[in-house]
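The following pair of complexes shares a single chain, chain A, combined with chain B in the former and chain C in the latter.
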Partner chain A sequence: MRRFIEKIVENILRLSGAVTTIIILLMVVFLFKEGFGLFNNPVVERGHVLCVNASNKIAYLNSKEIKLIFDGEIENWNKLGGEDMAIEIFRFNEIFSRYSEEEFGNDYEKLPEKLGEVISSTPGIIAFIPGQYMPSSMPKVKALADEKIGGADFFGGKEWIPTSVPSPQFGVLPLVLGTLLVSFIAILIALPLGLGVAVYLSELAKDRVRKILKPAVELLAGIPSVVYGFFGLVVLVPLVQRALNLPVGETAFTGSLVLAIMALPTIITVAEDAMRSTPSAMREASLALGATHWQTIYRVIIPYASSGISAAVILGIGRAVGETMAVLMVTGNAAVMPTSLFAPIRTIPAAIAAELGEAPVGGAHYQALFMLGCILFIITLVMSIASELISKRDPGKGV
Partner chain B sequence: MNKKLAQSIAFWIFRILGILVVGILLWILGFIIYNGIGAISFEFLFSEPKEGMTKGGIFPAIVGTCCLIAGSMLVAFPIGVMSAIYLNEYTVNGKIAKFIRTMTNNLGGVPSVIFGLFGMALFVNAMKWGDSIIAGSFTLGLLVLPLVIRTTEEALKMVPDSFRTGSYALGANKLQTIRRVVLPTAFPNILTGLILAVGRVSGETAPILFTVAAYFLPKLPTGIFDQVMALPYHLYVISTSGTNLEATRPMAYGTALVLITLVLCINLLAAFLRRKFGKM
Partner chain C sequence: MRKFLLATLAILMAVSALYAQKVKGSDTVLPLSQQEAESFTKANKNANVTVTGGGSGVGISALLEGTTDIAQSSRKIKFEEKQKLQEKGDKVVEKIIAYDALAVIVHPSNPVSKLTREQMEDIFTGKTTNWKEVGGPDMKIIPYSRETSSGTYEFFKEHVLKNKNYVNGIMSMPATGAIVQSISQTKGAIGYIGLAYLDKKIKAVEVSFDQGKTYTAPSVKSAMDETYPIVRPLIYYYVEKSESTVKPFVDYVFSAAGQKIVKDIGFIPISK
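Let's turn to the complex of A and B:
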């Protein structure tokens, strides 16, 4: 009996040992299942169709073309390979100003017919109407082919406008580039600072100073990101705006500053550990050859610790890429292609946090946000695996 | 002479950088304490928000955060400790242990907003728990699981092997040894890890955005399927999306001060325990 219980306990322990693996697998399944659902969505808002006059040669439009048409930027069918004919945009609501209430019948049963009349009589029309009112029996009405959102639209698209009607724009490039820009600048700021502090901690600081500096770094790591965001919002945003004379203080640069402060503890701790692990024989040999302490540091210790330092950098970037709240609060959240460091941008995690609440569950926007989650998940997974591989590398190789 | 000069310049730069880091910390803390201390009062801590969050207090958010701390620890603590026992006592250096450690590390590197997405897809939608304390607790619990596993494992590693062999020599089997010898010895350090996890949970915002947090909910929760307000989310809301940002600023400073005090006290407690019971 006791044996039996022991076996059960052992199996429970074994199962809980596997739990992190299971969670990662579940994450992959759930994120990717929701995310890839995006590519089953039509480019036109679900439940709606785009109709043209049957004489029009155009058979389908991609999501970008649809947006340009409805924004009024493409005004002639010949720009899209059709005949030379002005495009007339017709939105569903306009039907109610063309006909009186009585003409639709009691249950709007004549609505499709009236829509059909409008479309048939206007050769250059493009009509955006709910699918249920599609006048399918009319011979002179042609629905545009039901294109699905493609991988190229998503990964190569330069516009992120999920609420655009009739065709939401899910181009992730602005978000991906925004994320990378903010993170890289943050590391550029944090690296020299963090490295300096790590050298100071591992080589120069007296025990008394170390006892103050080490806990300070740990406390810095413990401050919640929303507090960093708040601090950034009320202190750094106005500061950046005034110092650089900008129209708004919520910029990519402000985000980088906040992220740099947040990445410092990671960089300092990992780099310091790497430097401390330099064998004392190497240090002493260098000093014995007449090198000064500083020469020893930058000729021997830093090269020896280089793999640890690179691991720290990658880990720092990984953290910065995934940081949500602080970035959300200080970067201004404009989902545009980043053109300047001193303009508002939006990052992937900020987009998820800001938009998921408004996206209807199961809709294209919701799925697009999960797809963003997949991208983020892969980026950070690659980063953490890379940093692990680098830090395991033979530390002597860098010399 | 030249290299001496280079050395002293470099070393002074490093000293200044060191001071700068302490300066940044003091700047952030000082700024929030200086501005927030005026907002703290008995009413602020123990009453609900009023008049569009410009008056009143943050009591529901404090209670909510406490619920989430308790809930997430109920999830993370047993699973994390069992997982660490398995790693340290059953598969000491095998390939499986290495694989599990890598996976735990990777899970630890996953951004918190992904946990939020995952929690929403799994607990809120697939399990149909809705926005609730239980969904939020599970999400946060999974988030700190790697931390709990790592600290528990280190605590178990610090138990000398002679304790185990001594126990075996007295005729105890493996399970008895773990229960009667290893766990009690490692307990203070396991507790330290748990406290660190509490510190992490109490400050996280992104995972609770879509799994539990309520924008404004003046009543206290009555069950595990209720939504709650939470301190970090409350700070986010009143500092970014109020109708009257000027009027809510004092409330925001006060909330930030309460949150930061809570988190730092927890971290200091962990640091104190660590110093008392041995290094980790």
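Let's turn to the complex of A and C:
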């Protein structure tokens, strides 16, 4: 009987291991499958076409040109290589103000005809209409050629305006650079501080102090990130703004400060553990040779613990790269190419968190956000592999 | 053990058998729906209304998938969304439950107190970048916006920016509260919020939609008599075939008690 129960428990454990692994693998597959779906999307919003009058020489517009036209920045066809003719923008909904509801017939069967009338009668028109109502039988209407969203547009694009109609702009460069910038600066701030505290805790602090301080530091890791974000927004943002006399306090630097505070517990805990695991034989040997306490620390203990310290740094970066809520609240979320540390930026996790709610399921925006998730996944994967490799290195190699 | 399982199962079934309905969508409408649901369930003991937020788009796509009974929205349903519902054979019912006025706000120390629609368009699309261009001090303009998941974002884009895109890299905040907080501590800031969120930390500007002939300050009164131009409807959408389920709740929202809640929260009741 007992053997039997043991067997069952064993199998349950094995099964749970297998199930977890499979679920994780499936999630990764799902992430990439959804993400790469993006490149099957046309440049113009799916299900829609851009139509011009057939007399127009233009046959193709790229995503950027479409955006500039519909923003009113390009106002004449001759700027795009066409004739000297003013561009007239026509959005689908305008049809409902030109004709009354009855004229479309039941079930909108006359809608294509009416759209055709408008397009044929306006030479300079560019009309953005649903594909199903495209008046394809009319000779004076021409649909612009449509391309799929390309990898170069996505990975090299400098504009992230996913809600731009009719042609959303999915350039991830500002988001990727923003994420890396904020994380990098955060680590620059957190590293010296964290190492200092770790050295103090493991070598200098009295037992009583350590007993209070260590749990206190670990408690920092337990504070929800929204609380950090709120603290950042209410305290750090005005502080940074006033101290540096900036027009606006929500900057990459503020985000880095918050992230640095959040990465500290990880760095301190891991680095301190590594230092404390230095064998006392090493310490005592160093002291016996006449080295001072300080010499022992930085000639013996830190080199001995260097692999653990590097792991701490990488784990800290990993925490910073993936952090969402706190950054969302303090960096201003402006999707611009980061030009200065003291200007607003937007990070990948913040973009996903803020936009996934509105993105229509299965649409290009939705898939672009998944693609962002893939990029984030790859960044953190590289980080964890690196930290794994480093911490596997022989301890004591650096001594 | 088995008894315990049976008991749980029985309880679960009893709960789901209770008359329940789900409301989902716009965060702007969220506080209103919550209040309405609370007093509705107080009046009808065996009714159960669950209200969740997430953004207008979330609510409407939930309605498309059939995972909510009512979609609360701060924008009109899009033509494409309506088409999708029709393809499924559903007819969508639209009920305007209240109106909300959007106030354009600046830092209280900012001397600019009047803006035309054209000026606001230029500010939010990035053509105007300094306050001195609209009669203020020499100071950089920092426009704030809501996130793309908000109906407020789209309404403002359609109504004030005439469908143009916001300036690339506009500061976008996750919630209205965050906009108020940021604008109250940033001298050159400008943003837009629902009327209900106005307070002393920020200043609302008077706006004009007729090239500067008349300017109107946002208030419940000016929104009700239609002199204030930036007013949007708050809407409940449901599909026709679930009308009988949602009717009692929707009717309650339209009742005198329901419309009083609308006013208490700071929206504009429909009974003008």
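Heads up, the rule we're going with is that the second predicted complex is superposed on the first by the 306 of 399 C-alpha atoms of A that agree within 3 Å, B and C clash if a C-alpha of one lies under 4 Å from a C-alpha of the other, contacts with A are read in each partner's own complex, and residues count from 1 in each chain.
Rule of thumb we're sticking to: a contact is a pair of C-beta atoms (placed from the backbone, for glycine too) under 8 Å apart; a residue touches a chain by one contact, two chains touch by 3 or more.
In this text, all values refer to a predicted model and were calculated from it rather than measured experimentally.
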item	value
Partner chain in contact with A:361 - chain B first, chain C second, else both or neither	both
Partner chain(s) touched by A:377 [first = chain B, second = chain C, both, neither]	first
Partner chain(s) touched by A:23 [first = chain B, second = chain C, both, neither]	first
Touching partner for A:85 - first (chain B), second (chain C), both, neither	neither
Which superposed partner A:318 touches (first chain B, second chain C, both, neither)	first
Touched partner set for A:9, first chain B, second chain C, both or neither	first
First, second, both or neither for A:329, with chain B first and chain C second	both
Touching partner for A:234 - first (chain B), second (chain C), both, neither	both
Partner chain(s) touched by A:217 [first = chain B, second = chain C, both, neither]	first
More chain A residues in contact - chain B or chain C	B
Doubly contacted chain A residues - partners chain C and chain B	233-234, 329, 353, 356-357, 361
In the complex, chain B residues that touch chain A	3-4, 6-7, 10-11, 13-15, 17-18, 20-22, 24-25, 28, 31-32, 79, 82-83, 85-87, 90-91, 96, 99-100, 102-114, 116-118, 120-122, 125-126, 142, 145-146, 149, 173-175, 199, 202-206, 209-210, 232-233, 235-236, 239-240, 249, 252, 256, 259-260, 263-264, 267, 271
Chain B-touching residues of chain A, taken from the complex the two chains share	6, 9-10, 12-14, 16-21, 23-24, 26-27, 30-31, 34, 193, 196-197, 199-201, 204-205, 209, 212-213, 215-220, 222-231, 233-235, 261, 264, 268, 292-295, 297-298, 315, 318, 321-325, 329, 349, 352-353, 356-357, 361, 369-370, 373, 376-377, 380-381, 383-385, 388
Chain A - residues contacting chain C, complex	47, 67, 70-72, 91-93, 130, 159, 161-165, 174, 233-234, 237-238, 241, 247-250, 328-329, 332-336, 344, 346, 353-361
Complex interface listing, chain C residues touching chain A	54-58, 61, 65, 79-80, 83, 125, 139-140, 142, 147-150, 153-154, 163-166, 168-174, 178, 181-182, 185-189
